[in-house]
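Across the two complexes that follow, chain A remains constant while its partner is chain B and subsequently chain C.
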Partner chain A sequence: MSITLDQVTKLYGGVPVVNDVSLDIGDGELFVLLGPSGSGKSTLLRAVAGLTGVDHGSIALHGRDVTRVAARKRGVGLVFQNYALFRHMTVADNIEFALRVRHMRARARRARRQELLRLVSLEGMDERLPAQLSGGQQQRVAVARALAHKPEVLLLDEPFGALDAKIREELRRTIRAVQRELGITTVLVTHDQEEAFTMADRIGIMNLGRLLEVGAPHELYSRPATRFVATFLGAANLFLARRTADGIRMGAATVAGGEPPGSAREHEVVAVVRPEEVAVAASATGLGERFIACGVVDEMVFSGALERLRVRLTDGAAAPLLATMDAAATPYVEATRTQHEQRAFELHRGQEVALGVRRVHVLPTPLSSFTVCAASAPAAEALAREPLLAALAARMKTRIAIRTEPQLGAAQAAPADPAPFVGATVVSCEPHAAQRAEWLLRHGAGEVLVLPANAAVPQRVLIQWLDPAVREATLAVSASVLRHLPAEAVQGAEMPTGPPSGEVAPELARRLAEAQAQMLMVGVGDIRRFAERFAPLLDGGRWPVLIVHRAAP
Partner chain B sequence: MSFRQPSVLPGFGLTFGFTSFFLGAMVLLPLAALVLAAGSMHWSEFLAVVLSRRALGSYQLSFGASALAAAINALFGFMLAWTLTRYEFPGRKLIDALVDLPFALPTAVSGIALATVFARHGWIGRYLEPLGIKVAYTSLGVTLALTLISMPFAVRTLQPALLEVQRDLEDAAETLGANRFYAFRRIILPTVLPALLTGFTLAFARAVGEYGSVIFIAGNLPMQTEITPLLIVIHLEQFDYRGAAALGVVMLLMSFAVLLTINLLQAWSRRRQLRAAR
Partner chain C sequence: MADPRPAAAPRGATAADAATRPGSNTWGSKLVRWLFIAVSLSFLAALLIAPVATVFATALAHGLEPYLASFADQDTLAAIRLTLMTAAVVVPVNTLFGLAAAWAIAKFEFRGKSVLITLIDLPLAISPVISGMVFVLLFGLHGWFGVWLEQHDISIIFALPGILLATMFVTFPYVARELIPLMQQLGNDEEEAAITLGAGGWMTFFRVTLPRIRWGLLYGVILSNARAMGEFGAVSVVSGHIRGVTITMPLHIEILYNEYNFVGAFAVASLLTLLAGLTLVVKNLVERARAAQGAPSEGA
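Take a look at the complex of A and B:
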């Protein structure tokens, strides 16, 4: 492996900007770090270069641990967005800078310089000053300069950011060609997904300091694992669907899901449908089994090869299953059509159409949506407006449903609504919170979030399971939440489990009180005497607690 | 339209007129009067005044101490400007404002303040006295006063230049294998050298012309701590206007020579930089 990052974390003022990143980059690979601005990708690159220290974890280049090694001894070449050429030196002196530092003889320096200038197609520009070159040429000089000392790793920090489209494409091709010719391991940082697709052998996607997913471009595009990646890499419609024994039920249709259903239990999942996988027809019969809902064309944009559509769903029966970021807003579906499809069926704004789905990808995320549950409708609505819950739902691009259960928490009563509990059920931290949580767990809720009023966005998340059988589920749910929070995860120590020593709740409460803005993820397998055991933690508690329950098989 | 204005300011004719009038009235005319006043002297009379031992001693002190003060400011002013532009720390704004104080203070006040601190029984002077270091009434005190009053010139000239040196340049130098000293010498220093020279020049010019602060700490002993401006005032007090003018002309010529040299040096270094730094 050329570059190995192991649990790298970088804090700025206590907040992780690079959060627990582990990554292996192979020899000669062109790896693209992709993410929105502020996702920590540049900081990670600077950490690899040695210009920024790390707070935890280690960095190895070609098997040599360089975590504590100064940048100038790491043997990397770095290219900056603004070129960072030495303006008082000629092109020749810029390129030879690293060679002079190493006291290389003039003749050898000149030979190396000419070789590099040929590589970036700038022969004969030796005596120019940077100010006499165009932006694209300056960046070529910067690339040549970064390669002069034959670094083992080439790092490029948004190298095309300051260039216009045409030059950008040309330079991309040059850099790709240089990289292939030298076979040098390269990391490129960008926020431009098209750039990532055209350049990368593999892409790593970062958000909020975390490396969410790593994979080949087509893999990440067709089978993303997280909501963020699904929507950041190209456009995507996110639907809340049901996984049933027959497949994925979305709106009116049941579509064969990618993977076979893991458990017999019907549950809610997040389905990704790319705009190009949405079929548009005049009527439902034209779509057959793939039909999911009807809608009205709201917006049509012509963009060269493709036509982009925004279709407002009108089908009342199907709409609730299809969620957008804001539950209150009208659900839209985005679709793109090729020229060929446009000719076969011409559309105009305001036209009624039927929508179908050609291909569905189900995200493996265990947290699909939130349902707030309270004894009265006003209480439930107030809970739905809680800032932490609203923030989580917005970041997860999911909805908050409202459910009123007048008998919530009453030991003998059954739920008033026969529908199963789907997604994470949210209850408030009032007295009897533990009792209510137990009631929900007994009636089939897999995840219960107990939420105090005005809870802060957590900075630390404690993860704890009380039964080895729920370890995996707890970690999966925790990872799903942590992807959307700039928080540090702390895995709990081994805990006494089982009913005899049931005093875990006070211990957890004590640990939560140790620092500000903590959140607890707790996995439980056995829910006997749950209310009694967890009352000290939950009743009137001050911390958000997400209870993950999986019944023993 | 043939009369398109290239900017908001009026055309070249008018602006050049104002420029020459302003320079003429404010700078050249008084200087011409000075030269004329000295010109009414006889040649031998003139030489007797400007080459007297006392006058020669005062030139040496004035220009020597000023050059030393400007050099000190170039070095420490650089550090100060570096600290102020590169680091974010509590009280940075306050220190930044303090730099300007010598600008605003009447120079006599600075002189009295220095004398209070460095006199034999002053706050610091009393601890230096047993070590055999005398500040007040020595050339050391003169240099100190000149350093104080010319400090803002060096700092304020360097600050914008240092802001221009991007962090990325140092980062680039470091990834290319340069250590900090090498990066400083080859990247930072060449970039700020013109500003450093300007800062030195301004500080030097300010120090040469200084009078108010020095007389309080210098003790004004002829041949030892008497600066040329003071000698001029002494001639004036004896109603020897022509002698004063003669010394003034010498100062004028010497200052002009020094400033011209530095300016040429600066132009040369800029050209050399543009050609390429070896």
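Take a look at the complex of A and C:
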């Protein structure tokens, strides 16, 4: 491996800007770090270059641990967004800088410089000053300069950011060609997904300091694992759907979903439908099995090869949409059509159309949506307005449903609503919270979030499972939540388990009280006497607690 | 192949500026323009040119011979020597301090940074006489360290060290003030590039940082020098007015004037004016060089 990052964390003022990133980059690979601004990608690159120290974790280059090695001794080449050429030096002096530092002889320096200038197609520019070159040429010089000392690793920090589209494309091709010719391991940081697609062998997507997913461009595009990646990498319509034995049910339609259903139990999932997989037809009959909803064309944008449509759903209730709500909370679907499709069926704004789905991808995320549950409708609505819940739902691009259960928590009563509990069920933290949680768990809820009033967005998340059988599920749910929080994750140690021990809840409460703004993820396998055991933690508690329960097989 | 950019970019910019100025072609605007120029020129003539002309006129009132003869005086020569020596010590010391302070403020985050920035400005804000008094209070016979200094037979006040300290105090903001905004604006990119290319701290400073800030640095040095040679108030308080020993040129001029030796006083004054004029010429050359260098780097 050329670059190995192991649990790298960088804090600014106590807030992690790079949060527990582990990554292996192979020899000769061009790896693209992609993310919105402020996602920590540039900080991570600077940490690899040695310009920024790390607070935790280690960085190795070609197997050599360089975490504590000064930047000048790491032997990396770094290219900056604004070139950072030495403005008072000629192109030749710029390129030879690293060679002078290494006391290379003048003749050898000149030979190396000529070779590099040929590589970036700037022969004969030796005596120019940077100010006499165009932006694209300056960046070529910067690349040549960064390669002069034959670094083991080339790092590019948004190298095309300041260039116009035409030059950018040309320079991309040059850098790709140079990288292939030299076989040098390269990391490129960008916020431009098109750039990532055209350059990368593999892409790593970052958000809120975390490395969310790593994979080949086509893999990430067709099979994203998280909502963020699905919507950041290209456009995506997110639906709440049901996974059944037959496939993915969305409204009236049942579509064969990528992977075979994992468990026999029908459950809620988040389905990704790319705009190009949305079929647009005049009527539902034209779509047959694939029909999901009707809508009105709200917006049509011509963008060269493709036509982009925004279709407002008129009977969208059948297939709840997630990500694409406009300001007035009207759900709409984004679709693209090729020239060929446009000719076959011409559209105009305001036209009624039927929408179908050609292909769906189901996200493996265990938290599909939130459902607040309370004994009365006003209590449930108040709970749905809790700032932490609203923030989580907005960041996770999911919805908050409301469910009233008058008998909530009553030992002998069954749910009034026969529908199964889907997604995470949210209850308030009033007295008897533990009893309510147990009742929900008994009636099939897999995840229960006990939410105190006005809870702060957590800065630390404590993860604890009380049964080895629920370890996987607890970690999966935790990861799903943590992706959307700039919080530090702390994994709990082995805890005494089993029914006789009543010590677990006070111990957890003690640990939650240790720091400000903590949240607990707790996995439980056995829910016998749950209310009794967890009352000290949950009843009137001050911390958000997400209980993950999976019945023993 | 890209054409080299025209070197005279700022000149082009001014022409464009003038063209877009509203109403630049009307009679009224022409009148206003002449009026403004006339007022400022007459103001300049009354307040600047006339006094300077008086200096030379009075100095040469009795011809060239008495003028030159006044420089043969031992005390005058001692005053000139002291002033030049003070400048020669103070300016390099303040250049080093200014560089260090500007570096610290522009490149690092630390507690008390804003206090440091304010303190650097202090000598500009308080009266020079008070700057001198401070040193008397510290090192004078009845000052904090007075007894200790006397026991060890060290004289600071009414001696060369006092003059150096007072001059240093009033001139230390100039280099730092000039460099802080410049270094903050330039950022760290080039330094970081040099470091990743393997350069150490000194090499980065001399090969990358210093060439970038050289004109700003020189400008600060010139201002600092001008003030060091011309300082009167602070030096007057700490000097003790010992003829031939602690008298600088500005102090010497006052003494000669008070003795009704107008030719001598104005002769020394004319020399000081010439030195100031020389400083201004150098400053202008530096500004011009900076503008020429600044033009391409504006694109950065």
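Note that in this section the second predicted complex is superposed on the first by the 541 of 553 C-alpha atoms of A that agree within 3 Å, B and C clash if a C-alpha of one lies under 4 Å from a C-alpha of the other, contacts with A are read in each partner's own complex, and residues count from 1 in each chain.
Keep this in mind: a residue touches a chain if its C-beta (ideal position, glycine included) is under 8 Å from a C-beta of that chain, and two chains touch if they have at least 3 such contacts.
Keep in mind that this is a model prediction, so the values were computed, not measured.
J.: With the two complexes overlaid on their shared chain, look at chain A and say whether chain B and chain C clash or fit.
T.: clash
J.: Between chain B (first) and chain C (second), which does A:A281 come into contact with in this model arrangement: first, second, both, or neither?
T.: Neither chain B nor chain C is touched by A:A281.
J.: Would you check which partner chain A:I167 touches, where first means chain B only, second means chain C only, and both and neither mean what they say?
T.: Once the two structures are laid over each other on A, A:I167 reaches no partner at all.
J.: I'd like to know which partner A:E127 touches here: chain B for first, chain C for second, both or neither.
T.: Touch partner of A:E127: chain B, not chain C.
J.: Which partner does A:Q137 contact after superposing on A: first (chain B), second (chain C), both, neither?
T.: The answer is second: A:Q137 touches chain C but not chain B.
J.: Once the shared chain is lined up, is A:T90 touching chain B (first), chain C (second), both, or neither of them?
T.: first
J.: With both complexes overlaid on chain A, does A:F80 touch chain B (first), chain C (second), both or neither?
T.: A:F80 sits against chain B and chain C alike.
J.: If you lay the two complexes on top of each other, which residues of chain A touch chain B in one and chain C in the other?
T.: Of chain A, residues 49-51, 71-74, 76-78, 80, 82, 84, 86-88, 97-98, 101-102, 129, 145-146, 148-149 contact chain B in one complex and chain C in the other.
J.: Which residues of chain B touch chain A once you look at their complex with the stated criterion?
T.: Interface residues on the chain B side: 166, 168-169, 171-179, 182, 186-187, 190-191, 273-274, 276-278.
J.: List the residues on chain A that touch chain C in their complex, please.
T.: 49-51, 71-78, 80, 82, 84-88, 97-98, 101-102, 128-134, 137, 142, 145-146, 148-149
J.: Which of the residues in chain A come into contact with chain B in the complex?
T.: The touching residues are 46, 49-51, 70-74, 76-78, 80, 82, 84, 86-90, 92-93, 97-98, 101-102, 127, 129, 145-146, 148-149.
J.: With touch defined as at the start, can you tell me which chain C residues reach chain A in the complex?
T.: 2, 4-5, 189-190, 192-200, 203, 207-208, 211-212, 293, 296-297, 299-300
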